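Every chain is named by a letter (A, B, C and D) in the order it is written, and numbering of its residues begins at 1.
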Amino acid sequence: MSPTISGKEVAKHNSRESCWIIVHGKVYDVTEFLDDHPGGSKIILKYAGKDATQEYDPIHPPDAIETNLPKEKHLGLVDPATVEKVEITITNEEKERQKRIEARPPLSEILNLHDFESIARQVMSEKAWAYYSSAADDEITMRENHAAYHRIWFRPRILRNVTKVDWSTKILGHKTSMPVYITATALGKLGHPDGELNLTRAAAKHGVIQMIPTLASCSFDEIIDGAQPGQVQFLQLYVNKDREITKKIVQHAEERGIKGLFITVDAPQLGRREKDMKMKFEDEDPSVVSETGSKGVDRSQGAARAISSFIDPGLCWDDLSWFKSITKMPLILKGVQCWEDALEAYDQGLAGVVLSNHGGRQIDFSRSGVEVLAEVTKHLGEERGLKFPNEKFQLFVDGGVRRATDVLKAIALGATAVGVGRPFLYAFSSYGVDGVDKALQILHDEFEMNLRLLGAPTLKDVVPSMVDASSLSNHLVAVPDDRLYMTNYETLQTARLKGARSKL
Amino acid sequence: MSPTISGKEVAKHNSRESCWIIVHGKVYDVTEFLDDHPGGSKIILKYAGKDATQEYDPIHPPDAIETNLPKEKHLGLVDPATVEKVEITITNEEKERQKRIEARPPLSEILNLHDFESIARQVMSEKAWAYYSSAADDEITMRENHAAYHRIWFRPRILRNVTKVDWSTKILGHKTSMPVYITATALGKLGHPDGELNLTRAAAKHGVIQMIPTLASCSFDEIIDGAQPGQVQFLQLYVNKDREITKKIVQHAEERGIKGLFITVDAPQLGRREKDMKMKFEDEDPSVVSETGSKGVDRSQGAARAISSFIDPGLCWDDLSWFKSITKMPLILKGVQCWEDALEAYDQGLAGVVLSNHGGRQIDFSRSGVEVLAEVTKHLGEERGLKFPNEKFQLFVDGGVRRATDVLKAIALGATAVGVGRPFLYAFSSYGVDGVDKALQILHDEFEMNLRLLGAPTLKDVVPSMVDASSLSNHLVAVPDDRLYMTNYETLQTARLKGARSKL
Amino acid sequence: MSPTISGKEVAKHNSRESCWIIVHGKVYDVTEFLDDHPGGSKIILKYAGKDATQEYDPIHPPDAIETNLPKEKHLGLVDPATVEKVEITITNEEKERQKRIEARPPLSEILNLHDFESIARQVMSEKAWAYYSSAADDEITMRENHAAYHRIWFRPRILRNVTKVDWSTKILGHKTSMPVYITATALGKLGHPDGELNLTRAAAKHGVIQMIPTLASCSFDEIIDGAQPGQVQFLQLYVNKDREITKKIVQHAEERGIKGLFITVDAPQLGRREKDMKMKFEDEDPSVVSETGSKGVDRSQGAARAISSFIDPGLCWDDLSWFKSITKMPLILKGVQCWEDALEAYDQGLAGVVLSNHGGRQIDFSRSGVEVLAEVTKHLGEERGLKFPNEKFQLFVDGGVRRATDVLKAIALGATAVGVGRPFLYAFSSYGVDGVDKALQILHDEFEMNLRLLGAPTLKDVVPSMVDASSLSNHLVAVPDDRLYMTNYETLQTARLKGARSKL
Amino acid sequence: MSPTISGKEVAKHNSRESCWIIVHGKVYDVTEFLDDHPGGSKIILKYAGKDATQEYDPIHPPDAIETNLPKEKHLGLVDPATVEKVEITITNEEKERQKRIEARPPLSEILNLHDFESIARQVMSEKAWAYYSSAADDEITMRENHAAYHRIWFRPRILRNVTKVDWSTKILGHKTSMPVYITATALGKLGHPDGELNLTRAAAKHGVIQMIPTLASCSFDEIIDGAQPGQVQFLQLYVNKDREITKKIVQHAEERGIKGLFITVDAPQLGRREKDMKMKFEDEDPSVVSETGSKGVDRSQGAARAISSFIDPGLCWDDLSWFKSITKMPLILKGVQCWEDALEAYDQGLAGVVLSNHGGRQIDFSRSGVEVLAEVTKHLGEERGLKFPNEKFQLFVDGGVRRATDVLKAIALGATAVGVGRPFLYAFSSYGVDGVDKALQILHDEFEMNLRLLGAPTLKDVVPSMVDASSLSNHLVAVPDDRLYMTNYETLQTARLKGARSKL
């Protein structure tokens, strides 16, 4: 059993030479880990010899320190009574943020999912905002995910009885009040102390399905325990190099009632997200920073590596039979990015695929899920005679969704349902569970309205001919502008009130 | 008969607990209606116990209160002499607006329809501007309506005798001085005290046809009475769940000489217009606002529901035979958005269709009328051998028109005429009837000019080969920009005067 | 013979009731003309009873007053000695402009044709700038004229001996040092006191051909007299309703040695140019301005009508045989805008056509000349087996040219030569004849450079396969932007210097 | 042998009338050269009679003065002890620049190649920045080079074992650690005193190949001597009119171990780069500047001519056999811009071609290398049955590359490797050799990440089907915007904090 250590003893190890910290009542020797810490050494040194739990919690999965630090560095339990309290000084920046939190508009003034993002950007800590909002490289794919929907246009039908409209459906055989599920996103406590539980609770209220992330801030069981009886949840899985760990996770999930296993296949290594990386410099130990060239410690690179170090880049098609051998849960691949891989998933007898690029956080210039959707239904129709939506092999897309119209476009193109991630993060980051509740309500309102206006009483009536997606696969970049010509051109002006300056 | 109530009695009911108001000399108990009022309760409470007519008039159809409030809340007539005068305090904002009204440029300086919009935006109340200018969701379709015309280019012909050019034509057999009609738009008094009568009078002067809206601020008969002998008017119809009411409206219209019935089919429920909804928050009762999540009263949702509560979302193709049974007026569907529905309308023997998305106010990402027009003429040509323009089955488009060139593009593609709405609203909102008069004159001038330059002496000469519409159905969104590259790029500069700073 | 009138007598007629003015030593009674004056009555009344020559000269063709005013209003000659001098007060605005003229950079700093426009905009009077720079309606076509060239890309060839490169060619059989001619533009004195003579002189120096405009500020004979022996000039012709006048002009031109007659066919009525129209309001008599609606005098409309009132909108194909009967000069149609009319011109035996939209000043949304060029060569190839460039039937384009690369693109697509207008106006408006000289020198330098880089020793080597024009006929308008999404997106930032603010 | 001259004697020749200068211990009479100096006479006159070495060095190839000045103007050696020291006054502008250099962020904060450019722009002299960053005409092609990559999108594959990924390859049979080489760029000392040696050293460390430019600031042998044993280097060659000189260069290069000869074929004359030309005005002698029109000395034109005067514009296909006769090095054409010329190069038995437009510095509107690549692989496949990448005939592209993803797109389309130029210049201009080291490390990190995310363990797995390049050859320019409509449109706004202004 672990020995009990006094806070006084811990407090002696408060330097770069010997650095102990306390997290959740346990003592760890992190001296040798300092330079490998994804978040930089400075932030750890701030808590050297002290209790770091409060700082640790929102930005790590619960078991991060346990699994990343060698067993021999787990020194034992601390006697809580002996631990010195850490005084937290509130910066002016933080005070400003608190004022902004006070100034949030009432939820009744939030009209759409964009509004949550606008408020979240103002009330979240910079670090949390950077982590949630960042994406790979130039963030082209992240933005394209949304933009792609704008290349799909509706062909609404008229004079159909839309007195009653119904936008409920089934995902993997389970009822959902709308063709939307809450997709997996990491580190929920960055945005709100209740973390992923905000999603669990709002999902229960609205009858939608939550996909629990591997890298949640709350522990898996906490999230399961937070659910209502009968509430359906899925699990997103990063596959560990140590398959036994993965097996334990999967079988535990099945036992606890998880209804679908979404295996992430687009992240053999976690992507570089430069906005997020920039945040880290501020927490950097200046003694490290001064190094130059490729000799310097590459903190950023380390960050991606550390978080994803357990993920197996060797995972391949052959592993799927093993998954089938350890669980009866339906298996879905999350992160399919071309029709060839969707076809392979079908041929291997999986339950479906999520056409996704990880919210634009992995490889930049991967196409949007909804564009891949059009390609998948075409080719799987041609090659295997499949029609979509299809109960046996379900197609999901995620990324870039902000409106019910976006969802309905994907439905028309053959998706069973659509995953929404960041908008719900922004909703609880600004308003907690009530934010997510409101976000779902907005979607309900939009679905009702738009099904009526489409002339589609149910989702079954949202058919391919209701959209014009002929421009979907155009990836256009305009010819660079002619600045000299444009500079010389004098803009036309609208009529002006008397007394207004003659030239703007 | 209604009893007569004293103003003193009414004045006692001046609170949330008991709230009576006077409108047009009648007393209403609106206590229970307060929380359902689309415009919020605060604005009503301001007039609790008082005469609200002046506030009520511009923002409601005349019979709104009569039809929305249960009969038992209609308390009776008030003795006018006993009613306390409501003092209206003029806000600073309103004073500024009055100054701007004074500063309007003379009409001779208005060069095009855009100019009216520019002036209207400055001289209208914010509320009125928001109501007229707003559209659904992200207002993509509203703007696309205009943008679509810019994807159609002319192929003008030369060396044709254009000494005399003639842009008059016939709509449903009735003469019009130009291929434009004034389409139906609601709540004209928001912009000008004379409301829709501004349109009636200018239409008379210029020999164009006005379509009277169901939701006019002026009453239907007022607008009919305002017409000149022989002046042609159409009626736009929202179909009531109670078909008897609709029957009464339709047959009354026919009796009063209406020449065409335009049944709106794109609005089983009125769309969400967020700019308009934002205006409402200011009139909100703070006691309501503080509620959170989906529990709070959804004022906005209520707004759309209340105004449109009488509209029948169950209206369908089967109802058309009933319409034929109650009237001899030509029937036209307003709001057709794909060729399949145009074909159905033709097969059902209707007189025509308006290819329209309701000015972008219903479902966002519906295509522009002019884009649908190209699709309709192609398919109805192929399927039924029709040629357009066609006297038996007439095609109209509306939405986004600002120039006679826009109209001529639609004519070339087969439209009989084009509906123009907002520009005329902006014209009378800034200059009353003279504004509409001028707007029509501008169109006349533009038609004369452009027919000459097209080499088309009459509208019959404006044929399909006069336009290149090959880019019309492209819905392009550029690849998201590369901000890092763009930030680094140093713009070229034109020559500078001596002494000008070397870098801008 | 005309009587001689004393200045004292003239000076009495200095009011709206009786208004005489002196121009070039002649007295005119313009009382009844006041309200029809395209430039407004105010500007005339300023010179009532006085000598208006200095004001009149730059903004009218020499014979404007003679031809627009009825003979009986030509009162006779004035005795110059008796005329009161008009004192011209220099406004502060004009003083500022004079300072800017002083601050012009030396010509050696002018690197390209854009630079002239930049300087001209700053040193020209607002009125002159507005007249030269304005175009029809929304000026879409004007800008498209330039933009179209940016949709054509080069396919340069390598390893060809380009030690000597030669960009001279022949137009209608006449030598020119480059495949560019100076096209006709009106009212040269607006930009410079020497008007069109600036062009004549620079053209002589560089061996290029000038097309003389019907509406020149200098008289036709002045321009002819300004030419060097053997210098080739063309004439642009607006055809008068009175064919005798036209016949006189044409035959006089032929006598004086004009080598080609370019009949303008895109202007049966002169286009509305709103920037130009706005300038007029400042010179307006306030007593007129206050009128409203369509009742007010439509000054702008009048402007276009007055200038173009002599132009015959009845001119048609049948008239061409008459032209052939009165002159032996080669006939070219200027303003052809589709292949069908180019074919007709060929079939009628003309010498060529100018594919032009009048610099975007006539009908907006007419396509660019270079786009029409691609269509013309294709169809005339298919229908008549023609190859271009073709000596018997020559194709010209104008509009939007700013670089020799633009010209070479048109040459590759089959043009014989390209007309350049505004850039030369801006050149002499900022630097007089030296500006035009420099502009032509810049083009020479660009031709030499770019022929080398194209791998084309002569213009004959600039063949169709040297360009990729496959995107030329795309007329794209992007889907309206998603402002909410864009507002929320936080731009990536490049690396910053230490101490720079963390957020821009 | 050269005589030795005293500094005192030199000092007498300090005027426009007689101007001697000292460079690297030799005396030159540049009196007659003053007006031909590409950089203007003023800058030389500043050093008249003095030692100009320090100013001369960074902006000239080492032998520039020797080869440009006639032998008789080489006056002899100077006695160093007798030469007056030139005092250099540091301008305020330069002081500001020195401060910015101090404020460079540590290299660890540099996240991508864009960041170097951002820092370089701030810490380089304006002149150096202008020379490196400028491109031809309107710099359309330079920007298109980068933009073209954004029209190519990935189709990543999943569930492939990417535990080990390998991005090394071979170029012309020589190993390289990545499919990138450092391409030739002129005048390295403009950015850093060590010039091209920065590249040599970093290339050695990372095992990548450097292409040595003809116009290096360091001498050829210096660069060769700076290499590590076994380090592979290529040579870029401008072919001299005097073939003997070229022969000497080529054979010397082969002797010194150069492994490939890249003959530049896109620069028979060096392009006009206007940003660079503008820099020159500041160093201009005012007495020259005042001349006007085409009479003035055209300094800019002279600049391009002087630098490129030795380059042979007569070089053609026939010369290739001569090259084969003088060297055994593989011959590659640098600057091929269409498939026809690539085919000819193949047919002539060359080792490969670089599809390049000289970084946009030669003819504007030449297409990007990566667009030409797609055309070349298609046509050489069709015409000669070739597959790419191809060991016998290798395809390279350069221009616009900023990310490993850009490189991988070119690899997928058939390139053997990609040349990168400016980014490395910016890297050493801001951080010396450490900058280039870091830049290469960033590329390594990006390659590792992106090969994993593509599902491609090696470059061989990066196949054509991994990209969607269907939009690559679209050259789109949007229809000019409708300013009046856009001005009138009121932007939607996201939710605001309380107290924020109601209108932005």
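Throughout what follows, contacts are C-beta pairs under 8 Å (C-beta built on N, C-alpha and C of every residue); 3 or more make two chains touch, one makes a residue touch a chain.
Computed from a prediction, not measured in an experiment: that's the story for all the values here.
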* **Between subunit A and its twin subunit D, rotation from the CA superposition, multiple of 5 degrees** => 90
* To do: Check the residue numbers that subunit A and subunit B use where they touch, and answer same if over half are used by both copies, otherwise different.
  => different
* Just give me the whole-number Å value for how far the CA centre of subunit B lies from that of subunit C. => 42
* Structure fact -> Among subunit A residues, those touching two or more other chains are 109, 111-112, 114-115, 117-118, 138-140, 143, 147, 150-151, 274, 278, 474-479, 482-484, 487-488, 492-494
* In the complex, go through subunit A and note every residue touching subunit C. => 112, 114-115, 117-118, 121, 129, 133, 138-139, 143, 146-147, 150-151, 274-275, 278, 402, 476, 479, 482, 484-485, 487-490, 492-493
* Asked: Which of the residues in subunit B come into contact with subunit C in the complex?
  -> 106-109, 111-112, 138-140, 143-144, 147-148, 150-163, 403, 405, 409, 431, 433-435, 437-438, 440-441, 445-446, 448-450, 452-454, 465, 468, 470-471, 474-478, 483-484, 487-488, 494-500
* Structure fact -> Seen from subunit A, its contact residues with subunit D in the complex are 100, 103-105, 109-111, 114-119, 122, 137-138, 140, 265-269, 271-272, 274, 277-278, 281, 284, 288-294, 296-301, 304, 312-317, 319-320, 333, 335-338, 340-341, 362-367, 473-480, 482-484, 491-494
